[in-house]
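Structures incoming, each one as structure tokens.
Next come two complexes built around subunit A: one with subunit B, the other with subunit C.
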Partner chain A sequence: MSIWQALLIALIGYMSSIYSPWLYGGLAGWYTTGRPFVAGMIIGLILGDIKTGIMMGAAVQALYIGLVTPGGAMPADVNFAAYIGIPLAMIAGLPSSQAVALSVPLSFFGVAMVYLVVTVNSLFVHWQDRLIEEGKLKAAINVPVYGQITNFIVRFFPIFLINYFGAPYISQLSNLIPPIVQTMLVTFGSILPAVGFGLLLSFIVKEDFELLYFLVGFALVAVWKTSIVPVLLIGVFLAYLDIRYKRAERSVAMVTEQPTTEGVTKEGLLLSGRDVRKAYFSWMFWNLSVQNMERMQAPAIVRMLGTVMDKLYNTVEEKKALLARHTPFFNTEPNIGCIVPGVILGMEEEKARGADISDEIIINTRTALMGPLAGIGDSLLPGTYIPILLSIGLGLSKDGSIVGPLFYIVVFLGTMIPLTMWLFNMGYRSGINAVEAILASGLKDLISDAAAIVGGTVVGGISATYVAANLGWEFKSGEMVISLQNILDGIFPSLVPLLLTLLAYYLIAKRKSTIGRTFFVFFVIAVVGVLVRFFV
Partner chain B sequence: MKLYLHIDNRLIHGQVTVTWCSFYGANMIAVVNDKVAVDPIQKTMLPQAARGLPTKVLGVKEAIDYLKTLENQPGAALVIAKTPQDALGLLDGGLKFESVNVGNQAPVPGTKPVMVFPWIAATPEDAQAYQKIAAYGYRITPKRTPADRDIDLVEELKKKKLLA
Partner chain C sequence: MSVSLVRCDDRLIHGQVIVRVLKTYSINKILLIDDETAKNPTMASIYRLSVPSGVKLVVFSLDGAYDAVEEALRDNTNTLILLKNPQIAAELFKRHPELPKEFNIGPMSNRKNSKKATLYAYLIENEIEAIEELSNMGVKVYFRQVAEQDEISWEKLRNSLIGGKK
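Right after this comes the complex of A and B.
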């Protein structure tokens, strides 16, 4: 790997990490170029082999597809898994299943970095407090920018150094590994995506019978070799039937209330359309930039209000008070939840115009909204929408086609950017009524139910594609050799991958197994399976 | 109903909807705090955040009466107390729980808490409440999600000199 390639990978890897602001905050970064699937395409492009990059990215992605990271509690970090695991595996010419095996320890290394950053960043929070108190407001609102340094250090340097200096050794290292251990690693990597899909299922499936949707999707691909688009269509059809059937009982809740815009007059507004857009972009880019355990996203709210404080107040004292009342703990899902900073902005403008709104009301509203929107946002976005889109993308790219990652990028950003703009504006214009109206409309539950069915079906389809097992047992009777693989294929193609995925689901959903422990169980299955020659 | 007690001043949020509800196999959620129960915004918002699980927002007294009526029913309920004092109130009211866990306790503005863990702030009063909860025979864990390490919170409070 040339030094330029390593630098470029490190730079993009850093920009794609969870707390990096540069690519539309998390939207185009962490949730787009940060997904191993998209990262695989980018790394493939840099290293001159897009197809291999995408296939490796897809394999690593399959493992981490069900990973949701609520409120900064992170079980595994995909950043190093993707931006170190994939390049090294490509340079060494490893099969993609070994890239998956390599990504596991790297993901735990990444988690250590996350905890380091959120702990150290508390220093920046107290610094921001002091700056506000001293009236150095410009500096105070730039704290999220300065605070990015910790994230840069723990991402850019490890990715660069390990890729650049590790590349020559990794191929030698893989030559030193005895063949049987190699087989174990390949087997481990091939069955491991079952954990990813099991985790995702445990989240999507609310009642056990919904596993039927998963089975339908699995059978479509395993038995009839259907490609992912028809699987998706069948999922949508099933969801339609379900919703149609249930609509009668829902009709009461489905009455959509229009948010009231009463009492909001355009005249005398302090913020222009441009100011509101500036606040929106400030929030979207910087929301996680100095993520810290103590106050979470509060410094970003301070920054957002700081970008428009000159329009709201004239005196330094008033501006200080504005920023100071937003320093306490704030945390929500930043994208769907961007309606909350919108509401805050609207309330602060009303207050600045002289409306009788006490500090306490603003803080109470903020506190009341942030939790619920985090709950809704985490379950709809990283818990549902992103894994479903990724699943479709993975299905489109099973031979390393570039269509899959491009599909994901275009559809995800093409929907999320307008949606977040709309939500932020709704919050700003209609305040808390907007949030209540959207939530009370029942639309959210409708989306969530439909997504469970479409998601279950699609996940079934890609499980059949991405979980693999080569069986070794053969039975001899006279001249005839019957392999276990053939017998099982006669019953149900890919039966072992199906059972492994259901096992992962069972461990996670029913036995409450953690991800680390489930990984370990699959590691043991791979090692023992290879030792008794069940897997080859 | 099996009752699981979760002390969390962010109430219903991502960690709750994404991990705890399915971990406990909860059929319903009860949020317990006297102030929250009379706040119209939170009363409408919280049930909307629960991913379809039936949700009650109750004051401590109401919660004790209501949760007692569930005793002989099948299933599980996730009981979210906003503060350790709320949790203690429930125990003093005679409720029994399968387990007691603390999720997030962000510092409350105007108090001078000690950060026991980066996500758990505690004042000396909070520490007393935790100790009384533990005295009912519970081992209090400080987990944000079920995968977090299994630690005894009271031991940590002693290490931080909040408890003797």
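Right after this comes the complex of A and C.
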């Protein structure tokens, strides 16, 4: 790997890490170029082999597809898994299943960095307090920018150093590993995606019978060898039938008032459309930039209000008070939850216009809203929408086609950017009533019901594609050799991958097994399976 | 087994609760006991609507919650009791001796004069006193955000938080 390639991978890797602001905050960064699948395409492009990059990215993605990381409770971090695991595996010419095995320890290394950053970043929070106190407001609102330094250090340098200096050794290392251990690693990597899909199923399946959708999707691909597009269409069709069927009982909940945008007179508003947009972009880019365990996203709220403070107040004292009251703890899912900063902006403008709104009401509203929106945001976005879109993308790219990652990028950003703009504006214009009205519309339940069916079907399809097992047992009777693989294929193709995926689902959903423990169970299955020659 | 968990979490409902806690304990019903929320119909409705379909959330004030808690102790839906602070918990465990003697503290945000208990939980003086009271009542108090993490028992933290005062 040339030094330029390593530098470029490290730079993009840093920009794609969870707390990096540069690519539309998390939207185009962590949730797009940060996904191993998209990362694989980018790394492939840099290293001159897009197809292999995408295939490796897809294999690693499959493992981490159901990973939802709420709050500070993070089980694994895909950043190093993608931006170190994939390039090293490509340079060494490893099969993609070994890239998957390599990514597991790297993901735990990544988690350590996350905890390091959120701990160190508390220093920046206290610094921001002091700057506001001293009236150095421009500097105070730039704290999220300065705070990026910790994130830059822990992401850029490890990715660069390990890739650049590790690449020459990794291929030698893989030659040193005895063949049986290599087989175990390949087997481990081939069956591990079952854990990713099992985890994802445990989020989207609400009742056991919904596993039937998963089975339909699996059978379509395993038995009839269809591509993911017909699987998706059948999923959408089934979801449509289900929703139509349920509509009668749902209609009661659906008939609710539209969020009212009237009642807010345009006259005398302090913020122009441009100011509101500025505030929106400030929030979207900088929300996690100095994420810290002490106040979480509070410094980003301060920054957002700081970008428009000159429009709201004239005196330094008033601006200081505005920023100071927003330094306490704030945390929500930043994208769907961007309606909350919108509400805050609207309330602060009302207050600045002279409305009788106490500091306490603003802070209480802010505190009360951030939790529910975090819950909805985490379950709908990283818990449902992103993994389903990725699943479709994976299905489109099973041979390393570039269509899959491009599909994901276009559809994800093409829907999320307008949606977040709309939500932020709704919050700004209609305040807390907008939140209630959007929730009362039943849209959330409609989406999650449809997702259970479409998602279940699609996940079935890609499980059949990405979970693999080579069976070894053969029975000899005279001249005839009957292999277990052939027998099972005669009953149901890919029966073992199906059972492994259902096993992962069972462990996670029913036995409440943690991700780490489930990984371990699959590791044991791989090792023992290879030792008894069940897997080869 | 009908009250599966009594949890205090000053954000009440958020990602960890929706995405993990509800799954871990297979929760069907949430009793949210908080005077402030009970007084605010818009917020109460936002909380009610923010949980996944299939989970029922009911908001009560502390005084209005008695019958609902007693009922939850007897029926066989898996219920999560969600509170903003340990003081309410202390009161609740006094009023309902049949509650399972376990109390989970999730994230508690950093506030003025709060002391750091764990990476994610900061406590103010009144809260520390209430936890000590709970502990003396024989309630097992432990800190944990989600099931993936290890529990940290109150006994482990007690000295560092109370020691400073004496």
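As a working rule, the second predicted complex is superposed on the first by the 534 of 536 C-alpha atoms of A that agree within 3 Å, B and C clash if a C-alpha of one lies under 4 Å from a C-alpha of the other, contacts with A are read in each partner's own complex, and residues count from 1 in each chain.
The criterion applied here is as follows: a contact is a pair of C-beta atoms (placed from the backbone, for glycine too) under 8 Å apart; a residue touches a chain by one contact, two chains touch by 3 or more.
Just so we're clear, the structure is a prediction, and the values are computed from it rather than from any experiment.
Asks: Look at where subunit B and subunit C land on subunit A after superposing the complexes, then choose clash or fit.
Replies: clash
Asks: Touching A:Asn433 in the superposition: subunit B (first), subunit C (second), both, neither?
Replies: second
Asks: Tell me which partner A:Gly13 touches in the superposition: subunit B (first), subunit C (second), both or neither.
Replies: It touches nothing on subunit B or subunit C.
Asks: What is the contact status of A:Ser379 with respect to subunit B (first) and subunit C (second): first, second, both, or neither?
Replies: The answer is both, since A:Ser379 touches subunit B and subunit C.
Asks: Touch check for A:Pro328: first (subunit B), second (subunit C), both, or neither?
Replies: both
Asks: Touch test for A:Gly400: subunit B only (first), subunit C only (second), both, or neither?
Replies: neither
Asks: Take the contacts of subunit A with subunit B and those with subunit C, and give the residues found in both.
Replies: Looking at subunit A, the two contact sets intersect at 68, 70-71, 73, 75, 119, 202-203, 206, 293-296, 328-329, 331-333, 364, 368-379, 383, 432, 435-436, 439-440, 444-445, 448, 509, 512, 514-516.
Asks: Using the touch definition up top, name the residues of subunit A that touch subunit B in the complex.
Replies: 68, 70-71, 73, 75, 118-119, 122, 202-203, 206, 293-296, 328-329, 331-333, 363-365, 368-379, 383, 432, 435-436, 439-440, 444-445, 448, 509, 512, 514-516
Asks: Touching subunit A in the complex: which residues of subunit C?
Replies: Touching subunit A: residues 11-20, 23-24, 36-37, 40, 42-43, 45-47, 49-54, 107, 109-111, 119-120, 122, 145-149 of subunit C.
Asks: Can you list the subunit B residues touching subunit A in their complex?
Replies: 10-19, 22-23, 39, 41-42, 44-46, 48-52, 104, 106-107, 109, 115, 118-119, 144-148
Asks: If we count contacts the way the header does, which residues on subunit A are in touch with subunit C in the complex?
Replies: 68, 70-73, 75, 115, 119, 202-203, 206, 293-296, 328-329, 331-333, 364, 367-379, 383, 432-433, 435-436, 439-440, 444-445, 448-449, 509, 512, 514-516
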